[in-house]
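Single-structure report; data block below.
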């Protein structure tokens, strides 16, 4: 057994059968950051009030991105998402923004991919809106912070 | 002038008017990596031949992801993409995979967002297929490596 | 308490958590009309038999539109729709068409948005098919007529 | 000749052939309003600053809605949109919000449907976010205000 | 040279670069049929007038399907379709329906895939609407009948 | 009673009400084949190892196609798919490929349309990738092989 559940015994990709898994409450949180120049950081954080709400647009894009996960990720099951929140916090030490996305469902598979897709979509949306002034921004730290509710138990990133 | 072109004078988000920009050949390349445990790395790199082609599925997901960019990123213009390639290379020093996505168009705006979306979708697809054995994988280094063809000239990441 | 449940305590938009709401049968009906010139009205109502089934195409567009609701409306939950009907009736007194869309689900949130989206998509489709002869058509009366099945009880428009 | 260009000589629906139409700059503006109770109006207009930016979310939904037009409206051609703006203005006399969406393209068909879809999506998004406090909101006045750039010349609503 | 242009020298799938291909008028026609029991055939052909327009719904589904081609077929380029028609004709000798879909574009790649997708979507939609009375229907003859306008010249099926 | 459940008493298309149907485990398998020239067949079957994995790409496209069924087929209910597999087997006697798609759900309606859409999408993807060397390929035998789990009982194609 290789442990790669998305492939069958012959090595062919398939969408894993979850028919017999119980319907349970599931939650996942994913994180990411986007690092930028100091001047860009100042523009965004001031801009929230005066020049355009970069963070508000990115947050909304992240929420909508979560709903597109099964369309983007080939072997991902479609899921009835019951909650999405995306928190975006300025972090002067990067400088840049910290992103945290939480998704819940009541279903037969976990929502890590939805949380990761929400976080990456929010980060990409920040890039899009600010790229005219800073092409060198970098996105990193995209990973699962917390997952709970399925057979495999609770996972928390160290 | 704030430089945040995605917002108008009042600070309201809008899709920038590109009607008067010339139709030119444009190209962009974006990079990303996904870092994993050594055992996971071995599974994927051996798996290409025997247990399931993680890299092949992720490459295809990246290509298809590029086509969904204007659907994911709120203020992104829809573009007639003319080429997408996604290169995924094992990097034993991470250990993990290096991803590089290149997108071309003949149009009125650049394709950085398409290249970034292709790279991040490929990386997320790797996570999805391997998460059963390694939840702690991390995606980073998501950034524009090259952009050329528009008014703002050639950009290459240092 | 502001009552605006789509925003959290800080005023940030989120997709409301419905995880703990019971799964119940829910129904909603929305209405709309499209008003046109008398000659246009005659063309459509005669046309049903002879020159092209404007009403049939619009009805189908409305049904398909209901399925796209969570893709269109940012904070809307995806829902397993169990029924959609769209009734389109000529109304000589407008002159124009009366549209009524009914959607059912068995789920954790209501289907008002699905019914409204079905009705507006049907109305917009009429506009599209007839705009070559009548640009001044106007759509109005788009509202919820009936909602039932959730915690907030039955609502009927006066 | 019936004038219903979306149907052929037999009365069958088709997507009109625009292959031989010239590629020209085109623009369209559509309007709509959403009427609500006075208390709801106060909540939204105050809320912009303090409790949640209903107008900002609706504006973004309208912009994204314009990009989905050819997916929603069955016989609509896909178009490379080059600009979308959505203006939402409080109107105390309704009381409610006035919505105005403008779309531009350089293409072979007009963008009235894109402007109408943007305006209606923005209006529906307002309904969604505020429906918990006011179910009786009504959307109306959805119509083309301006269209220019094609063979049929300039159209302005009276 | 293998001739499989959708794979690079290493055998990796990619979206072929069409940046340097000229923008020309292109057309393609695809055919398909769906065979059914005599009683089903009678139901559909009578039904057009009295009990429900199976053919009208399937025709519209085919037209809309053409617009989803680049979303369905992984390595297909997105294209600005300029015309779609779907003809569905009862064929008593099958018994069943003959489907013919024609798509045009002004672009850099052909529209065979769009025509094939339109034809297959129309056929599948017939199956969906009639499956309650005839599960054994079969779809066949799905192929390109005509292609013209690109570098590779005119192709007509024998 | 006409038996055409997708139309109401007036003959108008609607999405059938499944609200009162029990939630049960459902499965469906659909088949299809694509016939090609001998040289094309050799290219694909050798190519799996050396020149590009046509079958792997087509299999993945089929799986993703299943998830788009309710978007493609107008009156199809959206369903939470719990499993998709697509088997593609070279058949030297055609010569060509045999495709078999199996879909499972736990829901209120069957998954025949999902299985048929998976099979046809896989077949169309083969056509797309190989069309540069063989335009005359033909897709046929697209039909339901097995269906089980709903009120109407088990169906197996003869």
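Chains: A, B, C, D, E and F, in written order; residue numbering restarts at 1 for each.
Going forward, a contact is a pair of C-beta atoms (placed from the backbone, for glycine too) under 8 Å apart; a residue touches a chain by one contact, two chains touch by 3 or more.
This one's a predicted model, so the numbers in the text were calculated from it and none came from an experiment.
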Intersection of contact partners for chain C and chain E
D, F
Between chain B and chain E, how many steps is the shortest route if every step has to go to a touching chain?
1
Counting shared numbers against all numbers at the contact of chain A and chain F, is it over half, same, or under half, different?
different
Gap in Å, rounded to a whole number, between the CA centres of chain F and chain E
15
With chain centres taken as the means of their Cα atoms, state the distance from chain A to chain D in Å.
30
At least two other chains touched by the same residue of chain E: list those residues.
12-13, 53, 56-57, 60, 64, 68, 71, 74-75, 78, 80
On the basis of the stated criterion, which chains touch which? Give every pair.
A-B, A-C, A-D, A-F, B-D, B-E, B-F, C-D, C-E, C-F, D-E, E-F
Given the complex with chain D, which residues does chain A contribute to the contact?
53, 56-57, 60, 64
Note which residues of chain E are touching chain D in the complex, please.
25, 56, 59-60, 63-64, 66-68, 78, 80-87, 104-106
Residue set of chain C touching chain A in the complex reads 8, 12-19, 70-71, 74-75, 77-80, 107-108
Residues of chain A that touch chain B when the two form their complex
2-7, 11-13, 32, 43, 47, 50-54, 57, 60-61, 64-65, 68, 71-76, 112-113, 116-117, 120-121, 123-125, 127-133, 135-144, 147, 155, 157-158
